[in-house]
Structures are given as structure tokens and as C-alpha cells.
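All chains are identified by letter, namely A, B, C and D, in their written order; residue positions are counted from 1 within each chain.
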Amino acid sequence: MLLAALLASSLLVQDTVRFTPTIQQPTFEVREPVLRVKPNTVLISNTNFGPYYTEQDGPFPGEVGPIYVEGATTGDMLVVEIIRVHPNYKYAAAKLYPDFGGLAADNRVRMLNDPNPAARYLWELDTVAMTGTTTLPNSRLRQVTVDLRPMLGRVAVAPRGAEAFSGLWPGAYGGNMDAPEVRAGTTVYLPIFHDGAYFYFGDGHARQGQGEVAGTGLETSMDVVLRLDLIKGKAIDWPRLEDKDYIMVAGSARPLIDAFRLAHVELIEWLEQEYGFDRWDAYALLGQVAESSVANIVDPNYTVVAKFPKRFLPR
Amino acid sequence: MLLAALLASSLLVQDTVRFTPTIQQPTFEVREPVLRVKPNTVLISNTNFGPYYTEQDGPFPGEVGPIYVEGATTGDMLVVEIIRVHPNYKYAAAKLYPDFGGLAADNRVRMLNDPNPAARYLWELDTVAMTGTTTLPNSRLRQVTVDLRPMLGRVAVAPRGAEAFSGLWPGAYGGNMDAPEVRAGTTVYLPIFHDGAYFYFGDGHARQGQGEVAGTGLETSMDVVLRLDLIKGKAIDWPRLEDKDYIMVAGSARPLIDAFRLAHVELIEWLEQEYGFDRWDAYALLGQVAESSVANIVDPNYTVVAKFPKRFLPR
Amino acid sequence: MLLAALLASSLLVQDTVRFTPTIQQPTFEVREPVLRVKPNTVLISNTNFGPYYTEQDGPFPGEVGPIYVEGATTGDMLVVEIIRVHPNYKYAAAKLYPDFGGLAADNRVRMLNDPNPAARYLWELDTVAMTGTTTLPNSRLRQVTVDLRPMLGRVAVAPRGAEAFSGLWPGAYGGNMDAPEVRAGTTVYLPIFHDGAYFYFGDGHARQGQGEVAGTGLETSMDVVLRLDLIKGKAIDWPRLEDKDYIMVAGSARPLIDAFRLAHVELIEWLEQEYGFDRWDAYALLGQVAESSVANIVDPNYTVVAKFPKRFLPR
Amino acid sequence: MLLAALLASSLLVQDTVRFTPTIQQPTFEVREPVLRVKPNTVLISNTNFGPYYTEQDGPFPGEVGPIYVEGATTGDMLVVEIIRVHPNYKYAAAKLYPDFGGLAADNRVRMLNDPNPAARYLWELDTVAMTGTTTLPNSRLRQVTVDLRPMLGRVAVAPRGAEAFSGLWPGAYGGNMDAPEVRAGTTVYLPIFHDGAYFYFGDGHARQGQGEVAGTGLETSMDVVLRLDLIKGKAIDWPRLEDKDYIMVAGSARPLIDAFRLAHVELIEWLEQEYGFDRWDAYALLGQVAESSVANIVDPNYTVVAKFPKRFLPR
């Protein structure tokens, strides 16, 4: 399928670039690019930064980038077509942190209660059968095997202005949205706040539950194939996603209801601008056909993906 | 399929009861029952209260009940197996209210902004083809047709203590959860706070989007077939749901994050109590396999359904 | 001072009624009145329900009422002038509950963390010197003495419609607002949702911190003197308060920001309706002169009191 | 009083430094210092950046800094004693923004409603009488005069790690807390995340209401006298404040309840660490004596100041 996809798009692309990252970045911001590409470039790369997900453990990896997209301006939209995200290592790791997690008090949601225990779950990956297996040390079910659903936790441009957000943050610039929808077959459209866009990606999850409730996905390294392109002359405010079934907006904010509303209001504005819907008709219709998923409730901003089924769009 | 289901369960049931409701109730509370049934009763009934969903419009209907379940005590769990929920009228109605809705300021989420306009969308239902069609008066797409996915907005017992909540409220007693998962094929388990349980149902939606963001579903009257039963000697705190793929908990609270956490914490406690999971193993696993849906963000409490795929349960 | 106040108002009042409550109510709702009074009645009563605040401990007391106010209609406003709230017992009690409190996970704000410990602090009251003293069993400071600031946690009318809320709830009908501002010298204006108003009061706190963060105030019994009156032909939506320095609105909701906004938006609408402010001028002015206090963050709804200094009102 | 304060502290200070800022910074972050001072330095400076608050209007000013404090390490605490904050210009400005404000939908709290109108209020300041006067163009009260209560919206160190937050953000590093408590007579203790601390200050408000609900205070330029010092060997996590009556913690987060809890939990930890309180005794006591103020509900994080009256501290 990858080959087919590559062939299909090869007629259109100007360039295929192989890039082996050697630097991982701690923040999303404008900095010296590690690569410059033309619009409509297929980028073949990876997120091979350890040792977080090895047997030995280690610090959480940063992201790859920034990649400067020639000709990108703040009046345009960056197109990130996700062609392939595939785990390339034998392990993934998931942790419980006492100061970071969604269902327990943590360092942003402070309570007087004692913190939860720390724990680490090493998952063995079968990247052919696409399964992952781990041990649950204290449960009747001692071993659990899940099917893999690889995704990228982070796709981003440099944020607006002079700000620099650590890799944990999602926002209007994308970032650490931790949305399972950011997978092969999805195209992400990102706003551009600086000429050149300064694209980043990283944080591969071999699988992740909705909400990423315990704080991490199955963190591992990934082979990544992306097509980077521009839609000229059309600016957007928040990341948009599209796959064969849905148009979607990823809204990131705290509290959760603000992320939820933001994503849906932006989706309605998309329906108004591109598809001729009246604002209130779109609202009323969304009441009957909207779908949504809570991507994460652990990051500095929570992320909600609001979805409109394409079958209800005008032809 | 209804007949098959009825036949399949007929070997086990003690009773089949046909009940035609004549009173609609304004609140969930302990009051004189309209019906008394034995455990393991198939109830064949409807929610035929208008005229909200007619061409003429009218007040929003209340709920059917309470039904007293003989032998139900506060140490038990009420089983509500949803066998059939089928629209039985040619129209459904959906409205925009200036003081009630999820993506605009309303009478609980107060802002200084001007309120949104009121509007009413009458949907024509084809209850054989199972489609609904309405006009979008101000949009390029003038008419939209959707497939119907009938559900019950409300299944409830009388709330704890002496409280009486209007039909708009969801809570630990179930109530107006507006969860699309409350449909044929799902079994809802409700806590029991008073001997006899005092079961209520109503608020049929021919279809409803996740979040019920504009304030209503496709409100219409329904034919309803439910099996009411007890699981003796097992008390629960919040509504649990089960279908062929998932065990689920419906948590209702404001703010949204509290509904989200409540549903997931209760789900983990279910995994601990019934399936031998360690609390923190379950948390970690949920990080990779949890699914969830935001049922409503408009009612006095919001509702989130947290889901655990049955294929990851121990055999 | 009490006598002076009584004398001062005696020229105007139609009636002085002494009422010794014998029943405590579990909910705010329309029920058989325990007393009927005319408008402009001084009510001399108490909240003498134990044994929660005795040495032996016991269940939390309910509220006194309902009191039917003759001639009250839904087009009027109930006036509750608080003349005296004075502790009349030698003890007050404050507790920590594992399932109820503001700075730890509880049964509405669910987390996976272990709950906080239960504890009870018995406070000795000197109702002449107006001080309270307790022991802090595990702290360097073994004994602490505070000045008393008596208040009523609950003043209410019967809620709208057929609903019945337990005494823990605050809302548009007043209820368990736990606002320290509800003290002698303050007049509370309550909406009326049923003819007769059905007034309730109770929940004396000899003192309470802002936010009532640990779940209770210094709970004790109180001598209470209130003047009940009507302002005819003027309906309000939420409780208003007034003392010599401020006009105030008490907004109750979850999440906290919604209580905060509700109280301030209602305050702005008061400034518009009664004092000739333009909506946006009032908003801008509030940005410079608004004061507010968080009354409680523990009840089913949180309460915020928004305050406008009277010295900035037009003469 | 200024002279007295200066004289009183002159026996202890090593240095008095006059600094006239010429650069305003767009973010809080580690960057080339504009000044280096020794610990225990009295800094005499100002925030004279226009033209936001002039008759002509203009962009919002940035902050002064960073100031490198010699010898400051991440194991220490920065002491910012606020000796004087005094408006030095004849005008202050306050604005309503359609995309920024606390009581209306804005660009972080998105709703479908129409946005509020933009407006600008120019206030004439009398910096001797310490009053400010503006016109309310559409209200019965055409002119309003308020007493001035000057404060600094922003005191900050460089944030943890490599992050850079725009001047709108408050956080663990202080920043744009917009707390009226940051005024002459208050000492602010800030955490240090980088050797040298990198201190910033700015955003003078001649007056500001609690919550800064409309989005700005009376923004103007200030004469500022601060004493900068270190407490060696004592690290803190969040800004602490102290004046003659209170010890306080400023917690900044969204949602509001998280800012509220954070501030109070940190305050309890302060009571544990410095004053020998048991955690649960402190919690219980806070229930009766805590005070708090909502500083802002408009910035990217909201800020709450939790206060413990010093008279209840052990001697």
C-alpha cells in the first residue's frame, strides 16, 4: 500500500527526500532548520531517538525538525499527508508518572492526596504481525496482547510570535496533540505563523487509547513517510485533518470543555467557509451527526478532535 | 430480529408485559408507580407523548414511569436489556434554543454575548428505510438525509434520598444521559437507591450526534421493548453498560473533565472488582486501549461514556 | 444593636413572629409550610438541630422551613434582611470527609488516588468574647483561637418546577451557598418560583474560610433574627445581596469559572436594569472595580459572590 | 514613606541601582540580560513604554528585563520586595477586545455567539490625589472617578527549561499574574529555574478589579522601586507573596478550579514546611481561615491568590 501510495503520488511530487535526523529538539519554535524542502516533497525519515523505549529506559525523546518549507507564507496552509508511520523497534515503553497523568492528581491538577505510584511497562512489539505484548505484574490477566495502531503524537509548525513551547504542548500550531487520528491515511493541515512554516514531527505511538489517560502511549521509534505541501492563499487558525470518511478539527485547550467547543466551533467555521453552510444550520446538523474523540487529557493543553462525516457534505 | 430476540429470551423470562403509558412525569423521584413488574420481565411499551415532535410543535415530553420492580433492594443492580427502540412517528424535531446548547452561551454557561437565534428543524422520518430528512433553510445544501440510529436519551431509577431531578438531569441514577450507546443491543445496569428501583425511561432520539452539541437529538416517539431484571446482591455506584464489544461506564458531572474522569475511574474499579485487575495495571492498560465518547455537553450534568474492549478482558 | 435594629424597624413592620423549629427538612422543595407570615415580618427563630456539633457527633442537620410568605408571587422578589445570626451553643464542629472536600479527590471529583483521612475538630466557642478554639493534634501549633464571624450557609426558596434538591445544593433558589456574606447586616434578595416563596434557612457557621475548602465551616446552632418582606412586581433570576458597601450577586454552578461568570453577568444585568449602565460600559468598569469572593468549592454547585462597590453607583 | 522605606533598608543594602529601560521584551525566557545586579540591590526604574496608554493608542507594551542576579542558583529563591509602584503619566487606558476578555467568548473560550464590541476607555490620572476618571459614553453615570491602587501585572523569572512564554502568560515563574496584591508593601518570592534568575517586571496597572474581568487594568507607565535579593538554599515551586497581614501563594492554571486548588495546596505545603503544621490540620484550619482572591480570568492561565492570615501562624 505504501508503494501504491508512493506511485500514485509520484506523478505529482517534485521531490523525494530521505532525511536521517541527528538532533532532537526540546521545543517548538523558530530555530535554524535541519532541512529545507520544496512544496510537494515526499519525506522519508524516522524518529529514531532513544533510549526511552529501550530495556534500559531513559529520557523522553524530543521532536525532529524544524523543516523549512520553501515558499510557505503566513497566508498559506501547510499540508502534511501521512503516508506511513510504522514502528521500527522491538520495544515500546509506557509509564505511570506520579506527577503526570489524567486520572490522578498531578503537577498541574494539584490535590492534597498522595500521588499514584510510578511504574514502567515494557511492551514487546511484533512489527510484522503488528501486535504488542506486555506483562501486567499484579493482575489476574498476566499478559496482554494488543493490535498496533501506529500514530504520531506530534506534528507541528513553529508557534505564533516569539514563543517556544516544550514538546509536551499542543496548540494552534499542532504540537503534542496525541491524536490517534494522526496516522497513515490522514492529511493534517497546519496554520503557518512564520514564513517557511518550520515543520516538526515526532512522538511515535505504536498504539494509544483515547484520552491517553495514563500519560503515555506505546512510545517507540517510527519509520515515517510524509508528503509536505502547501495550499497557497488560504490561512487557517487551527489544525484541520482529513481522511476518507471525515473532515476534522483538532482543538487544544484547558479546560476540556474549551478544547471540545473550540474544535467544534472551528469545524462549523470550516463548513461555513468551504461548504456553504449557514452557521446555525451547521450547528443544528452537527447536533445530529457530529462525532468526536478526546485525544488527550494529560498534556498542558487537552486535545479534542471534532469530526464531520464527509457523506453529509454537499457534492 | 425483534421476534428472534423475544423468542430467544422467552425461554428465560417469567413475564411479558404490555404497557401503554398515559402519564408523563416531570422528574425522576420516588412516586406512586404506574406499573409493577417481577424481575425478568419483558416490557413492551412506547414513549408516545407529543406534541413536541409534531408539525405544530409543543412542550418537551417527560418520561414514562416509575415502574416498581418487585424484590429490588439497594443491595442489587437493575438490569435494563434494550431489545428494541424504534421510531413510530413520521416526524422528529430538533431545536436550537437561545438559552440551552453546547457551543453557545446559555442559561448555565453565562456570557455577555448576544444569544444564538432560536430555530426548529422538522425531520421527516422513513421508519422502514430508517432515514431522516430535513431542510437547511439557509445553506447551499438545502436538504440533508441521514441514517437513523435510534436510542433512548433517558433510562433511570429514582435518585438517592429525597431528591427529585427534572428530566433534563443525568446522574448516578442514570437519567438524561443522552448516550447514543443506550440503543438496542446494549444492556444498562443501574444502581438502586430505593427498594423497588422506580425505573423510568423516555426521550427517544431517532439519531443524535456525539455531544448532542446543539441541545437536542432527533426527538420523536418510540416503540420500546426492554427486559427488566435484577442482579441480586451486587450494588454499583454509577450506570454500567455492556454490548457485544465493550463494557462501559456512563459518568455524569460538570465540568466535562470530571465526567470524563468519573467514568474512567469507575471503569477501572469495575475491572478491579470483577476481572482481577490491579488498579495501576488497569490504569496503564486503559492508557493504550480505552475508548470513550462524549454523550452530551448540554444537560445540567455532562455525560461521558468510558469503554473497555471486551477482547482485552481475561477469559 | 439587635434591640436598636428591632426598634428601628418596628415602626415599619407589621409583625414580629417567634418560631421554634421542630422539624428539619432534607431538601429544598415545595412542601407543607411550617409557618405562614405576612410580608414585612420580623422572624425570631433558631437553628437548634443537633447533634452534629456536640461532643458526641451525629448526622448533619437539615434546614428550617418552608415558611410561606403571604402574597408572594413569581413576579416578586423575596427580601431576607439578616438582623442577627449568633451562635448559641458551646461547641462547633468541623470535619474532614474522605468523599467530600475541595482540595482532595472526592465523590464528585473522582481520581485514582487514595482518599484523604477522615477527621473531626471540635471547637469550643465563647459566644460572648466571640472566639473559637480547637486543638490541632499533629501540629507544632497545638491550639488555635479564631474570632467568630457568624453566617448562615443556607437561605433558600423552593426551586423552580417540581424539583427537590438536598440541603447540600446551592442554585438559583439560593440554598447552600455557604457565602460568608450572608451575615447580619446583609440583605438577601431571592427569586420566587412558587406563590408563597417557601422560604428555608439553616446551616449556621460560627466562622468559615473563603471557599470552605475542607468541606465544612464551624457548624453550630444559631439564634436567628430575619426580616422577611417582598418587593412586589420585580422578578430576579439569581440571589442578590446588599450590605452597606456593596451590591452583590451569588452565582452557583460547576465548573468554578461558570459560577464566576454567572455572578458577574447577573451583576452587570443588575447595573443595566436598575442603575442605567450600558452593558459594555458596566463590563469595562467592572474590570477596574469588581471584587469577588469564592464562597464554596465543595458543594454540588460552587458559589461565587460578585461585588460592585456602592460608591461607584450613580447617586 | 518611600524615603523612610529606602532609609530603613539602606543600612542593609549593598547597592542602589538606577536603571532606565530602553528595550521591551516580548517573552519571558533566558536571553541576554539588560542589567546585572548583586543580591540585596535596590532597583530604581520604570516601565515607561508607550504608546498603548496615550491619547493616540498603540500596541501593548512588553516587560523590562531580564535582570541577571549574581549568585542566584536553582537552589535559591528570588526575593522581590516591592517598595514603590507609582503611576507617572497623565493617562491610563483600558480596552475591550472582541477576542480577549473574561465574561464573553474569546479566542481561547470559543463560542458560536457574536463577539462583544471593541471599545477603549481613556482614564485621566491625578497621580497626586491618586484618582482616575473616565467617561462612560452610553451610561446614565457619564463620568466615574476611582481611587488608584497601583500594582505590577508582571513580575517573573525565566521559565523552566527552554520555553519562552509571551508576556500574557502567568505560570510557576510568575509572569502576567495580574494580581492586585503585587503592590508596594508586598514581597514576592519567585522560584529560580536558571542561574541568574533572569528577572522581568512590567505591566503597571493604576488600578485593577479582581479577576481583571474585562481583559485589562488601568494600563499606564510606572515608577518602580524594587529590592532584589536571594534566599539561598531554599527552592520553591510557585510564587509566594507576603505582606504585613498574609502569607500567600499565587497559582496560575486553567481551569479556574485548578488555579484555586494549586494555590491552596502550595499554601498548605508552605505551612507544613515552614511552620510545623500537619498537612490535614492545615487543611482543616484553612477551611475556617483561608482567604483568596481571583486575580485574573482572562490570561492564558488564570491566577488565584490563596492567603493565610499571619495572626494564626505559630509565634
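We adopt the following convention: a contact is a pair of C-beta atoms (placed from the backbone, for glycine too) under 8 Å apart; a residue touches a chain by one contact, two chains touch by 3 or more.
This structure is a prediction, so every number in the text was calculated from the model and none was measured.
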Quick one: superpose chain B on chain C by CA and send over the rotation angle as a multiple of 5°.
180
Approximate Å spacing (C-alpha centroids) for the pair chain A, chain D:
35
In angstrom, rounded to a whole number, how far apart do the mean CA points of chain A and chain C lie?
48
At what distance in angstrom does the C-alpha mean of chain D lie from that of chain C?
33
So which bits of chain D are touching at least two other chains?
103-104, 111-112, 116, 255, 257, 261, 265, 268, 280, 283
Name the graph shape formed by the protein chains and their touching pairs; answer line, ring, star, complete or other.
complete
Mind listing the chain B positions that touch chain A in their complex?
94, 96, 101-104, 116-117, 119, 121, 136-141, 144, 146, 207-218, 255-257, 260-261, 264-265, 268, 275-278, 280-294, 297, 302, 312-314
How about chain A: which of its residues touch chain C in the complex?
103-105, 111-116, 255, 257
Contacting residues of chain D [partner chain A, same complex]:
26-27, 29, 108-112, 161-166, 251, 253-255, 258, 261-262, 265-266, 268, 279-280, 283
